[in-house]
Amino acid sequence: MTHLAEIPAWAAVLTAVLLLTGAVLTLIGTVGLLRFDSFYQRVHAPTLGSTLGIGCILLASMLFFSVLESRAIIHELLITALMVVTTPITLMLLARAALYRDRTEGSDEVPPPPSD
Amino acid sequence: MELILSLGIGVLTGSGVWLLLRPRTFQVIVGLSLLSYAVNLFIFSTGGLRTGAEPILEGGRAGNLAMHADPVPQALVLTAIVIGFATTALFLVLLLAARGLTGTDHVDGKEKSR
Amino acid sequence: MIVKLLMGTIFLTQILLVTAMAFAAFRVLRGPRAQDRVLGMDTLYVTATMLLLTFGIRTGSILYFEAALIIALLGFVSTAALAKFLMRGEVIE
Amino acid sequence: MPDALLLLIAVAFPFAGALVAGLLPTHARNAAAWLAGGVALVGLAMVWSAYPTVSAGGVVRYSAEWMPMLGLDFSLRMDGFAWLFAGLVFGVGTLVVVYARYYMAAEDPVPRFFAFLLAFMGSMTGVVLSGNLIQLAFFWELTSLFSFLLIGYWHHTAAARDGARMALTVTATGGLCLFAGVLILGHIVGSYELDAVLAAGDRIRAHPLYLPALVLILLGALTKSAQFPFHFWLPHAMAAPTPVSAYLHSATLVKAGVFLMARLWPVLAGTEAWFWIVGSAGLATLLLGAYVAIFQHDLKGLLAYSTISHLGLITLLLGLNSELAMVAAIFHVINHATFKASLFMAAGIIDHETGTRDIRRLSGLNRFMPFTARLALIAAGAMAGVPLLNGFLSKEMFFAEALSAKEPLPVFFDVLPVAAMVASAFSVAYSLRFIHGAFFGPDPVDLPKKPHEPPAWMRFPVEILVLACIVIGILPAATVGPYLDMAARAALGSATPEYSLAVWHGFNRPLLMSMIAFAAGIGLYRLLQGHLAKGIEGPPLIRAFEGRRMFERTMVFLSWRLARTAEGLVGTRRLQPQLRLVVCVAVLAAGWTVWLRGLWPGNLAPSGIDPVLALIWALGAAFALGAAWQAKFHRLAALILLGGAGLVVCVTFVWFSAPDLALTQLLVEVVTTILLLLGLRWLPKRLDVPGARGSEAVTLGRRLRDLGIAIAAGAGMAGLSFGVMTRFPPELLAQHFLELAYSEGGGTNVVNVILVDFRGFDTMGEITVLGAVALTAYALLRRFRPAPDSVDVPEQQRDQSAFDASQPDRKEGDTAAEWLFIPSLIARLLFPLILMVALFLLLRGHDLPGGGFAAGLTVAIAMILQYMFGGTQWVEARLRVLPMRWMGIGILLAAGTGLGAWIFGRPFLTSYFAYAELPVLGKIPVASALLFDIGVFALVVGATILILIALARQSLRGHRAAAPRPAEMPAVPEPVQSGPLPTAVGDD
Amino acid sequence: MRPAMSRWLPYPMMTATLLGVWLLLNESVAPGTIILGGVLSLATAATLNTLGLPGGRLRRPRAAVSLLLLVLVDIVRSNIAVAKIILRPGKGERVSGFLRIPLDLRAPYGLATLACILTATPGTVWVAYDRSRNTILLHILDLVDEQEWIDLIKGRYETRLMELFE
Amino acid sequence: MTGWMDHLTIAPIVLPMLAGAVMMLIDERQRTLKAVIGMASALALLVLAVLAMTVADQGAAGVRVYRLGDWPANFGIVLVLDRFAALMLVLTGILGVAALLFSLPRWQKAGAHFHSLFQFQLMGLNGAFLTGDLFNLFVFFEIMLAASYGLALHGSGLARVRAGLHYIAINLSASLLFLIGVSMIYGISGTLNMADLAGRVAGLAAEDRGLLEAGAAILGVAFLIKAGMWPLGFWLPNTYSTLGAASAAIVSILSKVGVYAVLRLWLLVFGDGAGASSGFGGNVLLVGGLLTIGFGSIAVLATQSMARLAGASVLVSSGTLLAAIGAGQLSVTGGALFYLSSSVLAVAGFFLVVELVERGRAVGADVLAVTREAYGEGDDEDSDDGGAGVAIPATMAILGIGFMSSALLLAGLPPLSGFLAKFAILSPLLAAGPDVPVTTWVLMAALVLSGLATVVAMTRAGIDAFWASPSDEAPRVRVAEIAPVLLLLALNVALTVQAGPAMRYMEDTARSLHAPRDYTGAVKAVARTPGTTGGTQ
């Protein structure tokens, strides 16, 4: 792990903070996944990880590698952008699918379809 | 590390074999998939386990095994993955065809008579 | 000192992330409904992406970026397919 | 003409004739007969022209290399003994051909008959003229084969089929035993050449393998010669056309066994084993055949059992271990051939002219066919051993031998003369029955045809043979004497005893025995006339021991019931036991080997445990076990869990420095998940109904066993992988790859350089696999037929459509459209982006993780995304992918890159790379490997899309198929299932 | 000018994005990379021609940037809020539920962006969209005051998106 | 490496690959064009194979090593052409031409992409026989199998799909075992090149030997599954009996690929030069072979369907070969090779005959007959099955001769080469020494009894097919379908008549297999010794 020694202190501390923040947020999100009672509550939980959580870690990565290689390493932005676009798709689809399934099973947790 | 990975390979193999011996085609295909994970890891592991020694040569310098991972098993695994993918796809298509023609998803194409 | 700090932090981060993966895995294993499993799986993918990134930092290699990128770009395809299967009964109509 | 060539012609000519006859048109009866007769006469001429050499005690030889390294030459050898048999084969053969010309009906495919007959003649000649034992066995089996075809000639009758099959089964079995015996003999002697074998008699008899060799060879001989207990096939062979019977059962087929025993007599005989086996088989056959013959109602049946009996006589003579008896045997071979052939022909004439061979229906034919009756009378007299006919002479010799032999067990020889007389009396009785029953008595009634004399040429062969009976009978020494002598000397060599061929030896004990036998025979016939008139089938006392029925039962039991039971016991047609065996054998094979060599630690100390990886693998194990647990009732869950396990594998690859693998694993993971999901739709619904499983205890037992196997396999793999991981080979090629990847392969990603260059040939093969699989999948899916219960549109879609229809402001499909509206928009926007990433992976794969395969899968996923959110019809209206084109071009590109090297005089797939300096762009790498990789890319795109889309399109076809099916549809009879399938429940 | 532009560069934004992605992936701005990237971007963007996209384009890029910043801030705030909810001990105090909101926004890209924003922001999930009534169904984790949420979404995002896309 | 003749070694692989790929680009409806291309390729392959045989049959100089990509042998992949490989190439070439010819009137229409799959099948087979690299062998096994899956399922239909599922499931398992075995061997020995491996086995450390042998054992299980050894070969009769004739004919060599691999690797790696490992597993082959003959004979007896009979005969022949190889004697190996050639041709011919015979019998023929497109896109409806076939004079007679000859060949009865083949195995076994081991007697008994079982079963089936049913109407058969039957028959006759020269070739082959100095020498000559540099770039 010789490369770690090449990192200046400020960057190291910043990286460490960002990493931990991201990891803690992600963990909290999954705790929600574990704790929440209903699926519709649980569906909110992973967004912690997929937004700020991964954001922090990507920032840490960008910072770390930019300092390490002494040039701007910003391709992590791509991952960020993709996360923002793709995670919602899954969650939307999943929430709607759950809604359909619950409706057909007559669950009272969900609202009926709008009808006149 | 070797211990963890070999135990992991063992569990994958055990689960795969268990499913391989089940009567439903879907179980068998899942079993084969698990087995091919196990085998891919197995092939991979024959080169020895190395952390942080990827087989990419920096700046085109000649590499050596002290610095880099053994690339041969990796290349073999890649081929094995592709072939495994192909055969899984084929097995799936076939199990669907069998299910369509026989009306059952039993591996023998007929429900076992009791 | 800095190396120790970074090593420690990375290790802690990875432990936290793997714990997060374990929680997600619990949903995958336990459900109770299919949508819960899919949700767990999606979370697992995202967390794995992060784990790969931290691994990149740990080894100082940018090569693992690709794997992370592919998860971010295409990992959702399988979860979306699962969701579609739940909603419509088949993946491609 | 050199003598050697004569032999070749004698053997080859009949086969050539057979070939020509087989090619003649079906109705060419005369041409075929002329051909067959000509061939037989040529053969006779060849044999005759060898007489000067042979009679002088010489041996004619022909030899050509065949398999020299195995000591097998094609060698023909004719001495006096062989000459005699060859003469019989061609002589009787000629007569049979003449007879057959008139016997066979015009509507039969006569050329085929003659083809078989000639081929048989050639095989028989081959047997008697073979100069080595392997070749003898070779021709031996050929005689079985062609006799099978001859017996089954009228295969439209069940009797012919059964008779032929029985004959073949028995004689071919014997032939295989003979083959084995001959091999052993060759092992003892060190050569298969007859000369060498005949010279090694003492060595053979002293060898520990003598007995097995003897038994095997005798099994061959005794089955062929229809000796007890293998006699039963012969009567059933009478279903053959009569000329066949006349030929096979007088002079040829059945004599082959006798020939062989006589041929090897100098080396095999002279021991107690020989005496007991051959002697008792002969004696039993002699008595049994004669006894049963009396009670036959079919003329040919009577002759058949008489044949058995006479062969028994010959065998008995051979078994007596006496040279004189051997001479008698040879003499009886000649005599039996003449009278039995003529009797068969006579029976055939009766059959031909009256339409029946049943003695109970025949009577008084003497008045309608007096000449034939006289001929038959004389021949039957010879068979009964009437003086002045040839049968009498050999019978007298037999009686003399029966009286004189005393070794090795006196008691046996006290019985022998009595037995000889009894058998002789029987033969008198059945001969009487033949003549009296058919030709004398009142006029026949109700015959199918009105009897009259046959055409003159049909009677001609009988006349010749009967003449021979008389001439030999009266002037034995002058006629047959020299030939018999020559044959005996050839067979026995210096051991040939003194004997005299005379009609009158004075009033001695053999003559007395003859007279007693005659009296007894006539008395017996009179006694039995009443019983025989009742027309009861089968002989008294031993009726139950019908050989054929026992044979059939044994055969059905052995070759059918037993075999099926055994197959069920040691084999299976079910998949699960087969896979279980595969796993168990593999575990045992590896385990046992390691066990034998001992368990040794490796030369590398295992590295420490990383808790992160340990945790990850804890998850991996949970996923794997979960997938195994859920795959039956919760397929979707199992699929997701499988994905989880795949993710863990991918992380592991990253952990241990294999980014390429991680990338590829991920992509494959995604595609596989979609594939399996596409398939899930067509599988039957399965519910976990508690208590619906089978017997709990049995199920539990089975599961425990499988669990044990799974644990053993898992533990085994874990152990092996630990062993291999902790070892480092002394000299690893990997070092070279790392050294040369850049300098000679032109890439920094060593894995990719290996894939497209060092081991590019593997990759080329791998894409061919993918291509072949895609073609197969496509072909299968084109004929895909969904099960009735999954034809319908999925429940979800029906629900949602129904909801849309129920709402006034919605139209069908709105729910789906609304739901997919945003994802499909984003998917379309992502399409070029994913393509871009794919191209990136493709172009820089040689230097960094990626490559054609990863890129191809990425493009395929981009396509699938459009299909998923846009729908098949929507996409196909816009994008037309021609997967087959992609695949073809991909392979051509890859192979073409390889072939390009030929132009430069290099081997296939030799790579080329250089850096080209271009203005503005700078230095860019130009590598043939990239072209190769593009080929891989194209194929992967094509193949993956072909499979995925062919699978996806089934939904469209499925809906269409819900409509009533075309009536002619089921090309395959559908088993049991009718109506909708019940929901399957747990069952393992 | 315009027709030629739309023929050769039908999706300028997209093409530019793709080029950007290419440069990011290659981590290089060498002329060779740019030229190759340019060619590939044009080629790949052209696939959109066949796939077809709904009409509409981004009108005011600058407003987009401010929206982006707004969303970023919201995401951070919601992250903290949701984290608190998750970590709050005990059960039953959460009031969460579905909320149907009528929309004025109809532009496809606007709706898509809204969906992404709402779902990506912890605490809200876009569940369904009713095209005939132009309403959306959300699930909100902390649904104390429905009207507050409606105002927030309509005021904070919808208006801006309508400015951007309509 | 400059002359065009040098490329002779790779041409049998590249040619069918190109042909298969080109035919992917051609529309399915242009069957005639595809048939022409396919046939041209098959014929060219046969010519190449014969050429290769003449090249290989030149003693030590006959071993040709082809370095793919111009890399040194232990480094890149090499192809090695020697007598054994050439023999297998010729057999493949013959079967290729025969099966393809047979398929032209009907079979090619029974499903999609028959011709491409057929070419890939040939490619896989040729590659498997030529390669000198263990992992490359795996790849070619997979090509061969992938194509055989296609051909096995060609025509679809219930029975075929049902059997195909088993076939694929078991072969996938075998492939996994193959991979495990190969990678263990690599992990222990550090090489994938077969000749290189042979050189390293003797010097292996004692503590590594067990694992290497375990790897070899697992690899062996994979091969023996393909070879159909009891108790691993139950899939074989089940699958083969449902195959279409053309597929079956070409696939009939597939089981021999397992035998090929065993013979090649076993003698190369565990031969006399293998030190402590020499002769490893020989007894397993011998005993397994004997058991296989036993089971095959039982299966032969227990069946009434001709196609299954053919499948079971494959087992018997596999068992015979394995047992003969397991005997481990040079002279016996020669006989085994002769037997291999004879039985491959015989079985292929038998499969073809069976299809033609069964065609005339409507009942029970559903499995073999071309199943019509049930419904679907309707794009292969141009078949003219209704009027297919001309009533050739004496069709029944020719079929009868074909059937009988096959029966004789498989039973090992005269006059065809089957008899000589058995003789060529048994005679050297007995001649080996004054004391004959028990196993020889058992093998002898097994061969005799299996021949007997075959006679009984074949007679039963043949009488049923040719004699029992009134054959007023001969099956409608085309010349192109009968010709390959006669071709294969003629070859067997030739093998009988020319047994001397043929056996000479087999013995030379056996000699070079048992003392693979020429093989390893030729490969080593183009290998890179460690430490030296300088490629051939």
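The letters A, B, C, D, E and F name the chains in turn, as written, and every chain counts its residues from 1.
Methods note: a contact is a pair of C-beta atoms (placed from the backbone, for glycine too) under 8 Å apart; a residue touches a chain by one contact, two chains touch by 3 or more.
Which chain is which protein? Per UniProt: B = Na+/H+ antiporter subunit C.
Just so it is clear, the structure is predicted and the values come from calculations on it, not from any experiment.
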Those chains which touch chain F and also touch chain B: D
Comparison of A-E and D-F by number of C-beta pairs in contact, larger one: D-F
Centre-most chain, if every chain is reduced to its averaged C-alpha atoms: F
Greatest separation from chain E - chain, by CA centre: D
Geometric centre distance via CA averages, chain D-chain C, whole Å: 59
Chain C and chain F: spacing of chain centres that average the CA atoms, whole Å: 48
Chain centre separation (chain B, chain D; CA means) in Å: 39
Rounded Å distance, chain A centre to chain B centre (Cα mean): 30
Numbers and ranges of chain E residues touching at least 2 other chains: 21, 25, 115-116, 126, 128, 130, 133
Multi-partner residues of chain A (each touching 2 or more other chains): 1, 29, 31, 43, 45, 50, 73, 75, 78, 85-87, 89, 91-93, 96, 100
Where chain C touches two or more other chains at once, by residue number: 14, 19, 21, 34, 38, 40, 58-60, 63, 69, 73, 75, 80, 84, 86-87
Set of all touching chain pairs, with the criterion as stated earlier: A-C, A-D, A-E, B-C, B-D, B-F, C-D, D-E, D-F
Complex contacts: residues of chain C adjacent to chain B: 58-61, 63
Chain A partner contacts - residues on chain E that touch it in the complex: 21, 24-25, 27, 75-76, 79, 82-83, 85-87, 91, 94, 96, 98, 100, 115-116, 118-128, 130, 133, 135, 137, 139, 141
Residues of chain A defined as touching chain E within the complex: 25, 28-29, 31-32, 35-38, 40-41, 43-45, 47-48, 50-52, 73-75, 77-78, 84-85, 87-88, 91-92, 95-96, 99, 110-111, 114
Footprint of chain D on chain A - complex, ascending: 85-86, 89, 92-93, 96, 100, 104, 113, 115-116
Contact footprint of chain B on chain F as seen in their complex: 135, 139, 142, 146, 149, 153, 156-158, 161-162, 164-166, 168-169, 172-173, 175-176, 179-180, 182-184, 186-187, 192
